[in-house]
Amino acid sequence: MQIEEKKPLIAAFCCNWCSYAGADLAGNNRLNYPDNVKIIRVPCSCRVDPTFILRAFQRGADGVLICGCHPGDCHYTTGNYYTRRRMTLLFSMLEYLGIEKERTRVEWVSAAEGAKFAQTVNEFTAAVSALGENRRLEDLRCKE
Amino acid sequence: MQRIGVFICHCGSNIAATVDTSAVVNALSAEPGVVCAVDYPYMCSASGQDMIKEAIKEKELTGIVICSCSPRMHEATFRKAAAAAGLNPYMVEIANIREQCSWVHKDKQTATEKAIVLGRAAIAKVSLNTPLQPGEIPVTKRALVIGGGIAGIQTALDIADAGFEVDIVEKKPTIGGKMAQLDKTFPTLDCAACILTPKMVEASQNEKIRIYSYSKVEEVSGFVGNFTVKIRKKARFVDENKCTGCGLCTEKCPVKNVPNEFNLGMDSRHAVYIPFAQAVPKVAVIDADYCRMLKDGKCGLCSKICGAGAIKYDQEDEIIENKYGAIVAATGCEPIDLDKFDEFAYSKSKDVITSLQFERLMNAAGPTGGVLLRPSDNKHPKTIVFVQCVGSRCEAHAKKGKEYCSKICCMYTAKHAMLTREKYPDTDVYVFYIDVRTPGKNFDEFYRRVAEEYGVHYIKGMVGKICAENGTLKVQASDLLADKQLHIDADLVVLAAAIEPDRSTRPLATMLTASMDTNDFFTEAHPKLRPVESPTAGIFLSGCCQGPKDIPETVAQAGAAASKVIGLLCKDRLTANPCVAHCDEMSCNGCSTCENVCPYHAVTYIEKEFRMPDRTTKIRRVAQVNPAVCQGCGACTVACPSKAMDLYGFSGKQIYAEVDAICR
Amino acid sequence: MKDKNELIKEQILYQSGVNVRKCMRCGKCSGTCPGYDEMEYHPHQFVYLVETGDIEPLLKSESLYKCLSCFACVDRCPRGVEPAKIIEAVRLTVIRQQGKNKLTPDDIPAVIDDDIPQQALVSAYRKFTR
Amino acid sequence: MKFIYYPGCTLKNKAKNFDIDARNCAKILGFELIEVDDFQCCGGVFTTSADEIATKLSAVRALKAAKKAGLPLVTVCSACHNVIKQTDHAMKNDPVFADRVNGYINDGDDYHGETKVYHYLEVLRDITGFDKVKEKVKYPLDMNVGAYYGCLMLRPGAVMETDDPENPQIMEQLIKTLGGRPVDYGMKNECCGGYVTVTDPGFAQKRSKAVYESAKKAGAEIIVTACPLCRYNLTKNGADIPVLYFTQLMAKALIGEKNER
């Protein structure tokens, strides 16, 4: 049986006020980055429920990126501090479960940092690609 | 079953050059629930929008997905179009296939595949959208300004100028604040009273402005547009309406030895007093701690001599309840206590004073009539040492002083040095500084003039120890540039004490549910872009309660706060963002976690009666979100352990659906 | 490979437990120091020169033996830098070398009088010898 | 009330009167001082170096003796008090240091700052109470007394916590209690020259002179101190007013002049 080479799939959660705008800016500046990354818009990085990330891994994502405003610049004042704490805990748990810590990442990207967004995606995609496919949490029953 | 329409934009060649739009049309029309999928060169154009509107009507669409540019560009446009066609505007989702697809990818095949995935995610999400109605909140067209210093006065004047009614609550018997105590103002040296008192009078005479002096805010409830505030008007034992401010009582009162707080205790006043000549309101007040009549029921002299019959020993505190649409905090600052700085002999010698005391000593209405005499023996000081940064820029662990720079000290000390040398050229003036910080219009020029033309000795270094010895202050200090330790016999030492928020600020912030930083300054909604608003909607910030400021900055911020208030009050109704949190009361366990994470205090708890499955009723404590206050960040949705909290527009189910669509 | 200066600096920072970068160069330590006039290098310079790594001149200076360990600089420093601990660490760097004791038993009879408390001798030995 | 008492070497020798009066007054005031068995010299000064444990072991042993007895530890000599208090603080707050010390002593009973450490003056203020002391005054003092704190009793303020290091009042309160008139002077918390008197007597002389001159200008007829080295420096360097230990002053008021030996 021939196994088709699967392109790593990355879900990215971007907060509406900083990081989503930063991703838009990367587009405006025509900065190339791999198409593996698909962005989901959330009002604030603190809307990202740990279960969203688990769900993504369960459904076959190979990496999950969470982007928010820089600490101190959150549109909602303190949302990204919650994110930072929650994700620290979640990532250590995921690592315990065998999801390499390179597959998850929190990055602060401001609305002015289009280049940083593109660079983050480039690096992250490379890191995830190097690890290969994620099979740890993937639930094949979810596949059609 | 949803009937979804998908509209794919070419954006000229911006999208179409990299994404095969017809392939996207084909792929997405096969998605469940999709009843039509079309592409068009410019969806945002008038004809493109018409196409969408017609499709909504003809195909009876329940939701639409636009695959186009970023929602930050045209989400509002397409929502309007949907609403025009009778579709709830919140049934619109945008798939960003330009900024986040066609513009960042080069390979047409993979870009097309990604566009399809993004379209699917949007379809999955829109299938779970619910129609939302933005709530409307009525606005009470009256503002409350807390604090009657220059910040509060200016804010009130500007709001009144726009035609809105505004109340000022001031805890002291008169408005005017710290500025009323100042002598001259830098860098132009106009007299503080000359520029401030006309504004005080203007405020008192403006028919839109009501001043509650000798009053404090007791309780605040409600939310933006609809605050209810209880104000305690303290008994001044004088009928404000009858008192003419003649001042006769203040001269005849037999209790004369009360430390005069306006002159920082450097002289005394009577038990019945008017704080200063230009006080507003110019009404006497009786100090209950000292008045013999109020303490032991013996005296009553003031009542006998008052021609207006204004003295009322039986007056009691009054509680007034008012409604306001907006509240401005303008509670100002005060110098820190210098008790812990006795290396400068502050509590050992009367001749070691703060800069604010120095202002009073230089002021014509001050305790010495404007003649510079030192407090201990009323002699002219011949050598004056100014010490900068006393209690400012201290490390937190040092446990005395503040970490921040108090910002105003460099300039007022330069001013003090200049005024001293100008009036008393035979006086030696030393200024010990760490850095001289003068970033303001004409500030550095002023400082340089003081150093160059007025012969003030600016010494880079710090005073380490002061010993008071037989009327002389032995100052031991370092001169870092000369690499010497200096010993100066000074007659007067002036300490530039750090400033801190007024002590009333913290309890007030709790009442307002406005956040504060570790130094008790109010936090602004955004440190750069929303500097005069608190993160709590409807609360605005003016002056030093937000951070140390000089007068021009305070006035500028006061005006900015006023314009924000006016912008709020001129609306009859506020439209609330409908994408807010809501609570599923059946799953809520009443744990308060959401209440604690909410930065806006939008969540409260209520006791509510529920019908249980066994037909009994039970009272349970459940969370309730105030949609007018909630800003929709979603912190509570994640924090909620029972997942009772969810967010309209970004519900858990919607995001799961998006994740699933992407990972398919 | 670290040079000798860097190693000495590292050792001084470790022994003193002081973060010299907290210094904001106000000079209050030197303003308050009772031994200032006896010193060639003053408390603020000890802090600064350790920060810059220019420690050699400090090691050679008599100033090391003029610090009274009175801790006035420590208590009064607005940044919590603790200059006295830096001076002590620099002094230890010197006197821990063979033959670098500042005080030898031979020095004692000359200075001793009948009233001198043991405390003085013990303290001086603690500070000036290894 | 009982205390484990750490007199220190100087009090056994050159400052015997400091010790004797402390004991006599304690008897009158109704608290018992139990001398630590076999105490060792505290070292005179606390070395601030992070890598030194040997110089602090004797202080730890005294602290452990008090812990074993379940009593607070009290000292009268400022130098001993400083060393013991700073060592105690380090044992409580610096786990690396505490581990090394406990590992070295290794007697199965680790010490982590359990003992409460008092200066004799703090006992008078916080436990006996100055009003109780006042009741016992038989011969009220009628003189202007300059309290001299020096450095060891006050600094570092964050560790010693005896009093406000910039404007201490504890000895002034005692002087008032004994019927005297405390005089305040700027140099009361500045250094007398300390141990530098051994290597650089000229320097120590300058510092001592500045101190007693300052006290004299403020009108002091007598200076009291809690440190044998302060007393030595001031006396040797020309103080022309008496310099006494505070316990001697107390004995004067509580027991009378006959007490002098």
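Each chain carries a letter (A, B, C and D) given by its place in the written order, and its residues are counted from 1.
We take it that contacts are C-beta pairs under 8 Å (C-beta built on N, C-alpha and C of every residue); 3 or more make two chains touch, one makes a residue touch a chain.
Remember, predicted model here, so these are calculated numbers, not experimental data.
Novice: Sort out for me whether B-D or A-B is joined by the greater number of C-beta contact pairs.
Specialist: Answer by contact count: A-B.
Novice: Measuring centre to centre with CA averages, how many angstrom lie between subunit A and subunit D?
Specialist: Result: the chain centres lie 63 Å from each other.
Novice: Determine the centre-to-centre distance between subunit A and subunit B, using the mean Cα coordinates as centres, and give it in whole Å.
Specialist: 35
Novice: List the centre-to-centre spacing of subunit B and subunit D in whole Å, with centres computed as mean CA coordinates.
Specialist: 51
Novice: Where in subunit B do residues touch two or more other chains at once?
Specialist: Expected reply: 343, 465.
Novice: Which positions in subunit D are in touch with at least two other chains?
Specialist: Subunit D, residues with two or more chain partners: 158, 166, 190.
Novice: Among the residues of subunit A, pick out those that touch two or more other chains and give their numbers.
Specialist: Subunit A, residues with two or more chain partners: not present.
Novice: What is the complete set of touching chain pairs?
Specialist: A-B, B-C, B-D, C-D
Novice: Which residues of subunit D touch subunit C in the complex?
Specialist: Residues of subunit D touching subunit C: 8-10, 13-15, 41, 43-45, 47-51, 55, 77, 79, 150-151, 154-158, 165-166, 190-191, 193-201, 203, 207, 210, 228-229, 232, 235-236.
Novice: Touching subunit B in the complex: which residues of subunit C?
Specialist: For subunit C paired with subunit B, touching residues are 22, 24-33, 36-37, 42, 44, 72, 76-80.
Novice: Which residues of subunit A touch subunit B in their complex?
Specialist: So the residues of subunit A in touch with subunit B come to 9, 11, 20-21, 23-28, 30-33, 35, 38-44, 46-52, 55-56, 59-61, 72-73, 75-79, 82, 86, 118, 142, 144.
Novice: Enumerate the contact residues on subunit D facing subunit B in the complex.
Specialist: My answer: residues 158, 164, 166-167, 184-187, 190, 214, 217-218.
Novice: Touching subunit D in the complex: which residues of subunit B?
Specialist: Residue positions touching the partner: 340-343, 345, 347-348, 399, 465-470, 474.
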